[in-house]
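Down below are the structures I want you to see.
Two complexes are shown next, each including subunit A; its partner changes from subunit B in the first to subunit C in the second.
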Partner chain A sequence: MEQLLGFAVPGIPYGCAYAVFAVGLVLTYQTTGVFNFGYGAQAYASAFVFAWLVDDHAWPTWAAFVCAVAILGPVLGLVFDRFLFRRIPSANSTAKVVTGLSLLVGIPALLPVVFGNGNLVGVPSVVFNPGTVYFHLGADVPVNGTYLSAVLFTVAMLVVVVLLLRTTHLGLEMRAAAESSRLLELEGVDAPRVTATAWAVSGLMAGIAGVLLAPTEVTVQAQDYVTLMVAAIAAAACAALRSMPIAALFGVLIGVVSLTAQGYLPTSSFWYSAVLPAFPFIVLVGALLFVPGLRRLGQATDPLSSVDPPLPPPAARARGREIDRIVRTGFWVLLFAFVVSMLTWMPPAWETVLNQGMAYSVVFLSVTFLTGTAGQLSLAQATLAGIAAFTAGQLAVHLGLDFLAGAVLGALAASLVAGLLAVASLRLRGLGLALMTLAAALLFDVAVFPAQAVSGGTGGLALEPHWLPLGLLSANGHDYFLLAFLVLVACVGAVRLVQRGTTGRFLAAMRGSELGAAGVGVDLAWQRVLAFVLSGALAGLGGTLLAIQQTVIAPGEFNYQLSLAFVVIVVTTGVGTVEGAIQAGIGLVVLEQLLQYAPGRLQGLAFVVFALGALTYAAHPEGIVELEKRRWTERAERVLSRRHRTPAPAVTGRS
Partner chain B sequence: MSHDGRPALELDDVCAAYGPYRALFGVSFSVDKGAATALLGPNGAGKSTVARVVSGLLPASSGHVRVGGSDVTGKPPWAIARMGLSHVPEGRGVFDSLSVEENLVLSFRRRAGRRNLAASLERAYARFPLLAERRHHRAGTLSGGQQRLLSLAKVLVVPPGVLVADELSLGLAPGVVDDVYAALADVRASGTTLVVVEQQVDRALGLASSAVVLEHGSVAYFGPSSGARAVVAEVLERRSHPGVADRR
Partner chain C sequence: MTLLSVRGLTKSFGGTVAVTHVDLDLSTGESVGLVGPNGAGKTTLFDCIFGQLRPDAGTIELDGRDIGGLSTWRRARLGIGRTYQRLEVFPDLTVREHLLVALEAGRTARWGRLWKDLLGLGEPSSEELATVDSVLEAVGLRDVADTPVAALGLGTCRIVELARAVVARPRVLLADEPSSGLDERETVELAQLLRSLQVERAMGILLVEHDLSMVEAVVDRVVVMDLGRVVASGGFHEVMRAPAVQRAYLGSP
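Presenting the complex of A and B:
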């Protein structure tokens, strides 16, 4: 008993942190209808600014608290509402997920750009002195200030939030606004203001949580807040995003059980090294599989959503014959010029960059296929790429298999995993599916990729030159370029064929309306598994290409944050088309290379640029690059038709 | 609404569109204070769009909407609702996730005031005993007809100046439709100006003194309800023979 307490009590601050975040997530979902992935980023922003003011500028604690929490927190919430979530049509749940993700990716990358790269030390606890032992539980389990303030704060926040939501009229209006802002307006309530208030409250809660829980960690790092978010998501999912006390309870349980198990398990065991770190994700998977309330998650609740105009037709198919001919000719000329340049005068540094861009393009093709063609959102594409790379690597190590043959087998392995993932989440839609794939990605990150048998530890698996024909590895130049180019062309061709065939039409039907597709006899379950399998194979091929290019397969190259970034990047450049993937791949590496020439603090800006781009997704689901292309095409049409003095050709949608 | 003689609701050359898709082309009509007007027409003629433009859910792209003589064009729905216009939308018009009582509280607190809240609730429950039984159930668990009655309970207890009721009979059993129309007659008796959007022509014309018939987003008829039946038949005839409509 004494030993159990000794192990369990240190888990309380962690559990409380999870609980506070879980309550905040449920609060935001209940009052705004948005599952805010950006919540962790909001908390991090407040903690970062708080630490920056106290550490770097020697502000008094209370002044920094007012500035970073009482002001910055609600302001961030209001900005999110005013400029992002308010603009998303109420029925578009994918846009809500992607917008939240781009905040999660963008804000931590943006803060060092604004405030500088200080390594911020943790902040003092505001209520109790963290180091002081106040009393003992049992005979000799010390309870210090950190534990006391964590518990006190968690309970206080839970009580305040539950009272606000369940007993006040504002709470009632907030819950109504979350279901249908328009219906509430018909009652004569200024619903936009109610929603803005809800966002301000949510932002304030995030800020308080971020700063008061910062003392748990030694330094203020974005990574910690994202990990915290995932455990909190698991706890919130256990409560079906509905009951805040249950969410809090599960949050505390996850923290306490983790730490207790950590105490009892032998440190060398598989359970300690692999299962324990994955515990929150296992809880999340379990909740997604077994909590029935989560299956309807993210479905539109607004009966008046038909007031929003329908989505615009696909952009690329809206050009006349003359423009079409010019564009097609231009494309072949550019392609020829690109290949010739790569083989002749391109400086080696840039050739390497563009090679990498092509490998990324193949991975991104898996995203455009899955999201753009099939309408499914996966947050595990980098993981699938990693599975293929490690499979190919291990086959080469153990069986002496040629890496290119291994790449094909690796792609098969990735598509198998993707298929299993799809089968496991057949009952989930939209947000539920996104969370399931996120949980899978995290499981692989902590439990599989770091394992000695998979990656050979954190250093990663180095590729040996003799695994590859033609000296592909050593040159990293023309030979690699030809390989990557061929793979990319083959993948693009394959995707185009699938899109134009029966499967493509079934998938397009499913994307348009699951109900309608099922009504005309499309087997939704099978189509979804098929989409995941094909997308897994694409991601796998891309992953092995990346591995060859980088010569080392490191676990960090395929982590879940990259998966999130992948979705954000592809959505920015155009998720609906094959070209979108190539624009994304080349755009990412070129931007990163250009930022090399910029001052050091701007290094992380590439993700910020894409995150900003993704924020336009709500208004333009086809991606801003696609949008601009359509605008320019229309402009050219006008010029041409003026010159010929004939009316512009009728715009027809072919795809 | 103090200016007598001014219509309670007036549409003046209103056009509206959903994104690039135009739905209304210069709709004009007016409803006198205390009168009841039926808004008729086939599917897709723009009836619900007229209701949405009136309540501000969909902004008019041109033209003017006046409630009690004052221009409400471009105002947000909540501001129009506070001027005494109530819109019961088509299909589900209640908050699924809230309880029956919470739905009523949400409505009464604003329109009857905090002090009259308890009295208003009692009157609603007295008029619809079924709602009293279900007061703590989630509104989403009510049947379609019960949800419609819940919507009507809100306007019946605190009658608005103008009520726009969109397809109240849609998908309901005939007996339930009788209940709904009995409630509508009560609302009218309390002095509320009614605009009833309806597919069941006989039901609507039995209640209304004047009628507007819409066809392809334009007004095909506006006048006393006695003349509407022939126009509706004509419009439906044109719809089933599209070639005839083109020669018009």
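Presenting the complex of A and C:
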């Protein structure tokens, strides 16, 4: 018993951390209807500012707490509401997920840009001293300030938010606003004020959670908050995003069971190294598969959601014949100029950058196809790219198979995994599907990719030149450009052909209305599996291209954070068109290259730029590039129509 | 000859019984109106017949075949078409593409379709286009055939849904409050269209509708539901005079 307590008690702070975040997620979902992926980033922002004020500017703890939590927390919540989530049509669950993801990706990247890369070590505790042992459980299980803070705060937060939601009129209004703010307004309630209050409360809770958790780690790092957030999602999912006490209970259980099992399992065992770190994600998968309330999570419940205006048609569809001719001619001229430039005068450094951009474009095409064409959201596209790359690498290592042939088999392996993921998620829609793919990505991150047999360990697999008989590794020469260009063109062609054909129409029907599509005989399960399989193949081909270019296949190159960033980047440019994927791929690498010349703190700005761009998704789900294309097309149409109306000047011939 | 047969159908949601022991028959070429106050269980019955809800008890047969265990898309391919109370259109597709989706859905093998697309052979055949255009002509949508549905008004969208439901020549059409949101003129036109399509295509129609003038114009007989049960059935005028029906609509005196 003493040993059990000794293993279990250290799990309490972790469990309470999961619980606090899980309660915050449920609170936000219950009061705003948004599953806020950005919650962890909000907490991190408060912790970061708190530590920055205390460590770097020697503010008193209480003053820093007021500034970072009481002011910054609610302000962030209000800003999210006013400028982002309020603008998202209630039926568009994808937009809500993407906006949350862009916050999760963007805020941690933005903070060092604004405040600098401070050394945020040894953050003080607001309540108890973390190092002080206040009492012992049993004979020798010490309970220090960290444990006390975690438990007391978790209980207090739980009681406050449950009372707020269940016993106050404001809580009732918040829950009603989450269902349909329009209906609430019809009842004479100021629904925007209620929703804003809910976001402010949620932001305050995130701020408190962030600052109180900061002392449990040595330094304040975004990675800790994001990982913690993912574990909290599992606890919230177990409660079907409804019951805060159940979410808190599962949060504590995940923390305590993890630490207890860690104490008993041999450190050299597979269970310790692979299964234990994946435990929260296994819980998440279990919840998604077996908790019925999660199957249609995030789907619109607002009876008035159909009054939202429809998306405008793509610019390519809206332009007239004359503009269309000009655009098409311009496209071929640009393409020709690009190929000639790459083969003749392009400096090697920029050729390498653009080659990488083409490889990313192939991966991004997988997002375009899955989300833009089929209306499904996957947060595991980088994982699929990694599966293909490691498969090709291992086939080369063990069977001596040419890497290019391995790339095809790797793409097939990625397709297979994507297909299995789709089959496992057949009952899930919207947010539930996104969470399932995220759980899969995390499982691969912690349990599969680090394995020696898969990735060759933390150093990764180094590609040897003889694996590539074309000499593709020779200084990123033109041969790589030609390979990447041909693969990109083939992938774009395949996607366009599928989009224009019967399958494309079926996928567009499924994207528009699953009920309507099934009602005319479209087999939705098959279409979803097909979309995932094709998307997996595209991601796989892109992944192997990236691997060839980088010459080393490391597990960190294909982690879940990249998957999140991929979605954010593609929706920024435009997820509905193949051009959007190419612009995203090229845009990302060019921006990163240009930022090499910027001061140190601006190096991470590329993700911030895309994250800020993705925030426009709320107002313009077609993407900012697509939006600008439509605007320019409209301007050009106006100019042309004016020119056509102008009578031709009389011809006065000279004799 | 009985085309659609429902026997003893029961469906509950938790403790709420939505439909209980409902028997219903629909013959080939027959038009039946399903009426009753809100909450009577009409749409739940539709959802069970179409496979969107799994009934707790009872059987559903189409042409003598038990279809109770089949998914929605399989029932659609067997010859059941449906329109929805709340529009279920595909906003990004044009009117013509809506009908093409419905026409193509039951025709080709899964992988064969994908390969055709990848080989650039995914364009609709001339026969499919002719079939679609004939339906568009019949329902008066020829002028907006290439317009994305998102750009159309509610009344036109309802016609698009109807055209989509009938293009694959279903044997049974489930029309769920098709006049919802339409004005009086549009409702009259829709009723005429439904009737003409039914006669022309010899399909059975099961019509859920609150607009009794439309019901009268379209159906051969009426089934009245209240609180999940069938309370009366027969000719329109005869049924509307029945005390049980008046109680259902007007309440007990």
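Just so we're on the same page, the second predicted complex is superposed on the first by the 644 of 655 C-alpha atoms of A that agree within 3 Å, B and C clash if a C-alpha of one lies under 4 Å from a C-alpha of the other, contacts with A are read in each partner's own complex, and residues count from 1 in each chain.
What we mean here is this: a contact is a pair of C-beta atoms (placed from the backbone, for glycine too) under 8 Å apart; a residue touches a chain by one contact, two chains touch by 3 or more.
For clarity, every value in this text was computed on a predicted model and none was experimentally measured.
Clashing of subunit B with subunit C is the outcome of superposition onto subunit A. When the two structures are aligned on the shared chain, A:494 is found in touch with subunit C, with no touch to subunit B. In the superposition on chain A, A:173 contacts subunit B only, with no contact to subunit C.
After overlaying the two complexes on the shared chain, residue contacts for A:502 are found with subunit C alone; subunit B is out of touch. In the overlay built on the shared chain, the residue A:530 is in contact with subunit C alone; subunit B does not reach it. Touch criterion not met for A:448: it reaches neither subunit B nor subunit C.
Of the two partner chains, subunit B is the only one touched by A:190; subunit C is not. In the overlay built on the shared chain, the residue A:238 is in contact with neither subunit B nor subunit C. Overlaying the two complexes on chain A leaves one subunit B stretch of 94-102, 166-174, 202-210 or 220-228 clashing with subunit C, which is 166-174.
Of the residues of subunit A, those at positions 310 touch subunit B in one of the two structures and subunit C in the other. Residues 306, 310-311, 313, 317, 494, 497-498, 500-506, 508-509, 511-513, 515-524, 526, 530 of subunit A touch subunit C in their complex. If you check the complex, the residues on subunit C that touch subunit A are 50, 52, 71-73, 76-77, 81-82, 84, 86-93, 97-98, 100-102, 104-106, 108, 110, 113-114, 116-124, 148, 150-151, 161, 164-165, 168.
Listing the residues of subunit A that touch subunit B in their complex gives 169, 172-173, 175-176, 179-180, 182-192, 301, 303-304, 307-310, 312.
By the touch rule above, subunit B contacts subunit A in their complex via residues 17-21, 52, 55-58, 76-78, 81-82, 86-87, 89, 91-98, 102, 105-107, 109-111.
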